[in-house]
Amino acid sequence: MPIVRIELFPGRPTEVKHELAREITATLERVAGIKPSATTVVFIEVEPTDWIVGGEPFARQR
Amino acid sequence: MPIVRIELFPGRPTEVKHELAREITATLERVAGIKPSATTVVFIEVEPTDWIVGGEPFARQR
Amino acid sequence: MPIVRIELFPGRPTEVKHELAREITATLERVAGIKPSATTVVFIEVEPTDWIVGGEPFARQR
Amino acid sequence: MPIVRIELFPGRPTEVKHELAREITATLERVAGIKPSATTVVFIEVEPTDWIVGGEPFARQR
Amino acid sequence: MPIVRIELFPGRPTEVKHELAREITATLERVAGIKPSATTVVFIEVEPTDWIVGGEPFARQR
Amino acid sequence: MPIVRIELFPGRPTEVKHELAREITATLERVAGIKPSATTVVFIEVEPTDWIVGGEPFARQR
């Protein structure tokens, strides 16, 4: 019953996101004893231009 | 002043979402005495490929 | 697989929250054809003093 | 370390969103003593048709 | 209809949070033309021990 | 710059949550090349009584 919501930049291949979800689900089982079927992982993509740290848009920081 | 945020797969017709919002607003009034104008419903669409349960992408489960 | 997250003021009895969840789950089935076991409802309680509309704390508006 | 998440309608120019983020970051510093580099602002755009207040879709209210 | 959700550490006095909300509401009006009554600000408090950056709990970083 | 928000039941020891955050941060680096300092993990605890799946409060399902 944990819900894991991951906000990240767009552009990761689907396989990378699925691999992340599998690993995180496995970590929750190994470290906290949570059975895999109880874990939901959701990805929310946020454009770099909509993500501002320290008053500076992320896009401009790199 | 409740905010109801519904994460679901894309593809529901607009009328279905609006009907859901109306019914949920009415339920909050009937069951909890919350006046309709105080209820906000927001829909957030999440692609099936970004939604993983038990380590398995939802798209592949069906 | 909808996740319904409801932010509301504390103080509703548990039975009221459970009745709300049951009704909302039933509405999602009736209106959108979503099978009940796929719906998760989560309540997040927010103090009236932490909820500000139009620049005015909610607590003070009543 | 505050995270400020702003859900709003699409259509604001990027410069307006960046100006909002800069001002909010500065406000957090001035009012609460939070150093700017600790503040993250994220914008999440929600279509007017997915935003319902009082049972009425926002799009139709205007 | 922006909703501004601010996750921050507990311990800020109520007046500080209200002042932040007032200023942010005013900023949204001045910069983006959003009328104050349309803006909702919600504070969500997160314990430093539940907030981890770079794999290090925030509490331990200070 | 990913933000990982984990909603789970209360009662996990702090060390377990910190271990989870460390492992998830390491997974994001290994699988997606994200440098650890860019990852924020936040835990949000939700009471079993506020978590309803399929119309049944979680507390009652076990």
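First chain written, first letter: the chains are A, B, C, D, E and F, and each begins at residue 1.
Note that in this section contacts are C-beta pairs under 8 Å (C-beta built on N, C-alpha and C of every residue); 3 or more make two chains touch, one makes a residue touch a chain.
Worth saying up front: this structure is predicted, and the values here are computed from it rather than measured.
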Chain-contact steps, minimal, separating chain F from chain B: 2
Interface residue identity across copies chain D, chain E - same or different by half: same
Between chain B and chain D, centroid-to-centroid distance (C-alpha), Å: 21
Inter-centroid spacing, chain F versus chain D (mean Cα positions, whole Å): 25
Sites on chain C at which at least two other chains make contact: 1, 3, 7, 40, 42, 44, 51, 53
In the complex, chain B residues that touch chain A: 7, 44, 46, 49-55, 57
Contacting residues of chain B [partner chain D, same complex]: 14, 17-18, 21-22, 25-26, 36-45
List of chain B residues in touch with chain C within their complex: 1-9, 12, 16, 19-20, 23-24, 27-28, 31-32, 34, 51, 53, 58
